[in-house]
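One chain, chain A, links the two complexes that follow: it is found with chain B in the first and with chain C in the second.
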Partner chain A sequence: MAKVELIKLFKTYNKKIKALEDINLTIEDGQFFVLLGPSGAGKTTTLRCIAGLEKIDSGDVLFDDENITHDQPASRDVSFVFQQYSLYPHYTVYENLAFPLKSPMRKLPEEEIKNKVEKIAEMLKITNKLKNKATELSGGEMQRVAIGRALVREPNIYLMDEPLSSLDAKLRETLRVELKNIQLNLNATILYVTHDQAEATTLADKIGVLKEGKIVQIGTPEEIYENPNSIYVSQRLGSPKINILPGSLFKLNNIAKIGLRPENIELGNGPYEGKVISTENLGSETVVAINFQDNEILASIQGIYKSSINEKINFDINTNKVLKFDNGDQRIYER
Partner chain B sequence: MDTSRSYLEPSSFSKKMAAAIIIVYAVITLIPISWMVMTSFKNVDSAISYPPEVLFEPSLEGYVNLFTNRSRQSQEYLDSLPPPENWYEELVRSREMVITGPSKFLGRYSNSMIIGFGSTFASVFLGALAAYAFSRFRVPLKDDLLFFILSTRMFPPIAVAVPIFIMYRKLGLGDTHLGMIILYTVVNLSLAVWLLKGFMDEIPKEYEEAAMIDGYSRLQAFFKVVLPQAMTGIAATAIFCMIFSWNEYAFAVLLTQFNAQTAPPFIPTIIGEGGLDWPAIGAGTTLFLLPVMIFTIILRKHLLRGITFGAVRK
Partner chain C sequence: MSVKKKFKGLSDKAVGWLFIGPTVLLLLAINIYPLVYAIKMSFTNFYANKIGREPQFVGLKNYIKVLNKEAIWEKMQVTASFMFWTLLLQAIIGLGLALLLNRKFKGNELLTTLIVLPMMLSPAVVGVFWTYLYNPQVGLFNYVVNFFYDLGSFDMIGSSTLAPWAIVIVDTWMWTPFTMLICLAGLRSVPNYLYEAAEVDRASKWQQFIYITLPSVLPFLLLALLFRGIENFKMFDMVVELTSGGPGSATELASINLKREAFEKWKTGYSSAFAVILFVTIFGFGNVYVKVMNKIKER
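Now for the complex of A and B:
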C-alpha cells in the first residue's frame, strides 16, 4: 500500500470540456478516502487519471513520493473496481480472480494463486461459485467477484468507482459493512467514488467533495457535515436535506442565507409559528414539512410525531448550529 | 387450440408454416449438391445415362479416376501383367487401362488448402488488428480511411486483373502460394475490417481497461480479453473470407499454372476418354466442398454462442 498524491491535476476532454481543474489531494497510506459529488463532477475521471487510463493535461501523480504520471496502467500496480462489473465473460469465476495474479507483471506460482483466490473467495462468500462462468452469476455475485478481483492482490491503491451502485439496497448495506471490515483488516489505501451519502459517511476516513471538476472541501465526515464551507458542500450530506433559507426569516438581516439541519429544529414551543404541510413517519424519526412564511422547512423529530395537515405548529431553532452563508453561497465564519 | 402460449410467441400454425418453408428451401438448394455427390459415386456410363438414374450401384470409379492418371492398353498387354495388387488397380484394369501414376489433384487440393486457410488467417488477423485500432484509437482521417478501405470493394476484383498480372510478373509473385495468399488477403481485408469493426465496437472498452490495470499490456489485453469476446465476429468473418478465397476462379486461372494452381481451375480440366469424366468431376467437387463445410460447422458453435451472449450481457 502506498501514499497517493495528486498535484495540480488538469484534464480536459476533446480539448474543450473541462473535466478536472487543479485537483490537489493526498491519500495517506491505509486511508479510506471517498470522493463525493453528483454525476459529472469529475469523480470517475480522477480515478481513471490515477489508474493511467486517461492521459492528464498537466500535473503530477505520486505514489509514495515517486512520480508515476507517465507510467502505463499495468506498471502502476493499482486495482480498479468498475461501476459496471467488467468481469471477463469467457472466464470462470476462478479464472477471473486469478487473472491479475497470472499477469506478466507478477507471474506467481500456481499454488500461491490458488491459495490467494480461495482465501478471497471465502472472504466474499463466493467459494461455491468458483467454477461458474462469470455470466452465470447474479448481479450481487458479479460485483463481489469484481471486488474480489481487486482485493486478490496488494496494489499501491484500490480504486473503486461506485462499486455498490448497481446492487439492491439490502445487498448494498451488507457489502458496505464487509468492505469497511476488509479495509480495516488489510489496512488498505482506498479511493472510493460515490454519490451516495450513506456510503460516504459510513466508509470514509476522509471525504473530498467535488464540484464541476474542482475539489471544494476535504475533511472527515463530521467536518463535512458540521462545518461545510459552502451551501454546495452542506447539501452533499444529511437526510432529510439541509434547509437553505433567507437569513431575514429569522431576523438575521445582514446574512444572505442560512443553512439549518432538520434535526436542529424543535417542534412544540418557540417563537416561530408555521403550518404543517406533511409528515413522513420513518419509524425512528418523523420528518415534518412546515410552511413558514411561504418557505418550506423540513424538521426531523425523534420517534413518531403525530399532527394533521394545516395544523398550526410552533417551533424554535438551535441558533448555535445555524450555518451562515454570504451572497456567493460561501460560508461566513464567526470570529 | 393451444391457449397457454404468450402473445409474443408465434402461433403453432405459423411455426409449422415457417418449418415447411425452410424444408422446401433446403430441398431446393440441396438437389444440385446431392446430385453432384450421387454422380461422384456413379460409373461413367450411369452418370450420363438417360433417363437419369436415381438408384444405381455405387462405384468408386470417379474417385479412382480423380486421383490417378491412366492409359488404355490392349487386352494382351493387360494379360501379361501380374495380377492387380489392390482394389483400385483391379477397377482400372476392368476398364482395360493401367495406372500410370498419381494425378495432380492432390497437389492442387493442398494448394487450395494452403492458400485458402493462409489468406483467411491473414485477413482475419490483420482485419482484427485494424478493426481494433479503428474502434478504439483516435486515428487521423479515420472516416476517410474506412471509406477508402471500403472503396476497394466497389468494383469487381477482376477489374484490376491486368495490372495485377503485370505487377506479379515483375515481383516474381506469379504462380506462388505467397502471391495468391497476398492477393486474396487484399481482396478480403476490406470486408474483414468492416465486419470486425462492428463487433469490436460492441465490446465494452472496460474489459481491456480492466485487463490493463490487472497488469497486462494493451496487446496482451487484446489477445486475452478482446479476441475471445470477438469470437462471433471472427467466426463469421473467417467463413466469408474462406468461402471467397476457396472458390475464387478467375485470378487462379490467370495467375497460377503449375506450382500454386488451386483446385477450381484444375477440376474442369479433368477430361476422360471420349467425353467428360463426370464421376471424376463429381468426386473432385464433392471433395472440394468438404473443407468449407467442415470449417463452417466447426465455427457454427461460436456463431450460436455469440447470439446468446449478446442477450445475457447487460
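Now for the complex of A and C:
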C-alpha cells in the first residue's frame, strides 16, 4: 500500500467542460478516504485520473512521493471497482477473481493463485459460487465478485467508484460493514467515491467534499459534520438535513444565514412559537416539521413524539451549536 | 388496441395468420412444392426432355447410382476444399479488418463503405470481370503478382492447379466484407469498461484479446460463417461465369455438376436424387453447426 498525493490536478473534457479544478489531496497509507459530492462533482473523474484511465491536463499524481503522472494504468498497480459490475462475462467467478493474478507483470504459480482466490471468496462469502458463470449471479453477488477481484491483490491503492450504489438497502448495509472490516484487517489504502452520506460517515477516516470539480473541504466525518466551512458542505451530511434559515429569525440581525441541525432544537418550551406541519415517526426518533414565521424547520426528537397537525408548539435552539454563514454562504467563524 | 378494433370479430390468432398468410403461400408455391416434387421425382426415371413418356418408379436406384459414382465424390471434394479455404480466409481476414476498423481514426466510415462495396455487386458480374483481371497477358491480378514476385507468365483460370485458388480468391474478395461487418457489430457490443477493468488489472493486450474480445465476437463470427457456408455449398453463378467449372472439372462444384446433369443431360430423376442428397447434407450440417454454436454462446 502506498501514500497517494494529488497536486494541482486540472482536467477538462473535450477542451471545454471543466471536470477537475486545482485538486489537492493526500491519502495516507492505510487510510480510508471518501470523496463525497453530488453527481457531476468530479468524483469519478478523480478516481479515473489516479488509475490513469484519463489523461490529466496538468498537475501531478504521486505514489509514495514517486511521480507517476505519465505512467500507463498497468504500471501504476492500482485496483479499481467500477460502478457497473464489470465482470468478464464469459468466465466463471473463480476465473474472474484469478484474472488480476495472471497478469504478465505479476505471474504467480497456480497453487498460490488458488489459495488467494479461495481466501478472498471466503471473506466475501461467495465460496459456493466460484464455479458459477459471472452472468449467473445476482446483483449483490456480482458486486462482491467485482470487489473481490480488486482485493485479491495488494496494489498501491484501492479505488472504488460507488461500489454499493446499485445494491438494495439491506445488502448495502451488510457489505458496508464487511468492507470496513476488510479494510481494517488488510490495513488498506482506499479511495472511495459516494454520494451516500451514510457510507461516507461510517466508512471514512477522512472525507473530501467535492463541488463542481473543486475540493471545498477535507476533514474527518466529525469535522465535516460539526464544523463545515460552507452551507454546501453542511448540507452534505446529516439526516434529516440541516435547516438553513435567515439569521434575523433568531434576532441574529448581522448574520445572513444560519445552519441549525435538527437535533439541536428542543421542543416543549422555549421563547419561539410555531405550528406543527407534520410529524414523521422513525422509531428511534421523530422528525417534526414546524412552521415558524413562514419558514419550515425540521426538528428531530429522541423516541416517539406525539402531536397533531397545526398544533401550536414552543421550542428553543441550542445557540452554541448554531452555524453562522455570510452572504456568500461561507462560514463565519467566532473569534 | 387500434389493430384489434379495426379487425373487429377477428381473434389475435386470426389477425396473425392474415399477416403471415401471403408469405406462407408464396413459400409453399416456390419452395416447398418444388422440394416435395423433386423428392417424388428422385424415385423415378423421369427425363424432362422426353415428353409423353410416363416416368416409372425405380425405388432407390437413383440414390445408389449417385452415391456410387466416383465423379460425384470428386465434385464433393472440390466443393469441400472450396468451402474450407473460403471460410478460413474470410474468418481470419474479416475478423482482422473488423479489429482494425473498430479503432477510431479519420476516414473510418469512408473506408468501411469502400471495403463493403464488392459485396454489393452481382456475383455473375464479379465472375465476368475477374476473368479480365486474371487474364495472363493484360490482367491486373497477374501484373500485381509479378510486380511483387516474378512468376513469369501464369494463367489462374487456365491451369487446373491454380483455378481452384482463383475461385477461392474471388469469393474471399467479394464476401470478406460480410464477415467483417458482422464481426464489427460484435466488437461494438463489447462495453468499454471491460477493457478499462482489464487494463487496471494489468492484463496484456494479448490477454485482453483472448479474455474479452474473442469470446464476445466468436458467436458473431460463427453466425457469419454459417451464412457463408450455406451460400458457398450451393455456389454457382460466380464460378460458372469465371471458370465454367473448368479446366476439365477442376472447379466443378457439386451445384454446377447438378445443373449439368439436370439441364444439359436432362437426367431429371437422377439429378433430383442428387439434389435431395445435397439438401440433406447441408441441412444436417447446418443443424449440427447451430447446436454447437448455441453451446458456445452459452459458455
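In this section, the second predicted complex is superposed on the first by the 335 of 335 C-alpha atoms of A that agree within 3 Å, B and C clash if a C-alpha of one lies under 4 Å from a C-alpha of the other, contacts with A are read in each partner's own complex, and residues count from 1 in each chain.
Following the convention adopted for this analysis, a contact is a pair of C-beta atoms (placed from the backbone, for glycine too) under 8 Å apart; a residue touches a chain by one contact, two chains touch by 3 or more.
Everything quoted here is computed from the prediction, not taken from an experiment.
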| item | value |
| --- | --- |
| Partners on chain A (chain B, chain C) - clash or fit | clash |
| Partner chain(s) touched by A:Arg149 [first = chain B, second = chain C, both, neither] | both |
| Which of chain B and chain C A:Lys55 touches, first, second, both or neither | neither |
| Touched partner set for A:His70, first chain B, second chain C, both or neither | neither |
| Chain B versus chain C as contact partner of A:Gln84, first or second or both or neither | both |
| First (chain B), second (chain C), both or neither touched by A:Lys8 | neither |
| Partner chain in contact with A:Lys131 - chain B first, chain C second, else both or neither | neither |
| Chain B and chain C footprints on chain A, overlapping residues | 51, 53, 72-74, 77-80, 82, 84, 86, 88-90, 99-100, 103-106, 149 |
| Sites on chain B touched by chain A in the complex | 204, 206-207, 209-217, 220, 225, 228-229, 231, 309, 312-314 |
| Chain A-touching residues of chain C, taken from the complex the two chains share | 191, 193-194, 196-204, 207, 211-212, 215-216, 299 |
| Residues on chain A engaged by chain B in the complex (per definition of touch) | 51-53, 72-74, 77-80, 82, 84, 86, 88-90, 99-100, 103-106, 135, 149 |
| Parts of chain A lying in touch with chain C, wherever the complex brings them together | 51, 53, 72-74, 77-80, 82, 84, 86, 88-91, 99-100, 102-106, 133, 149 |
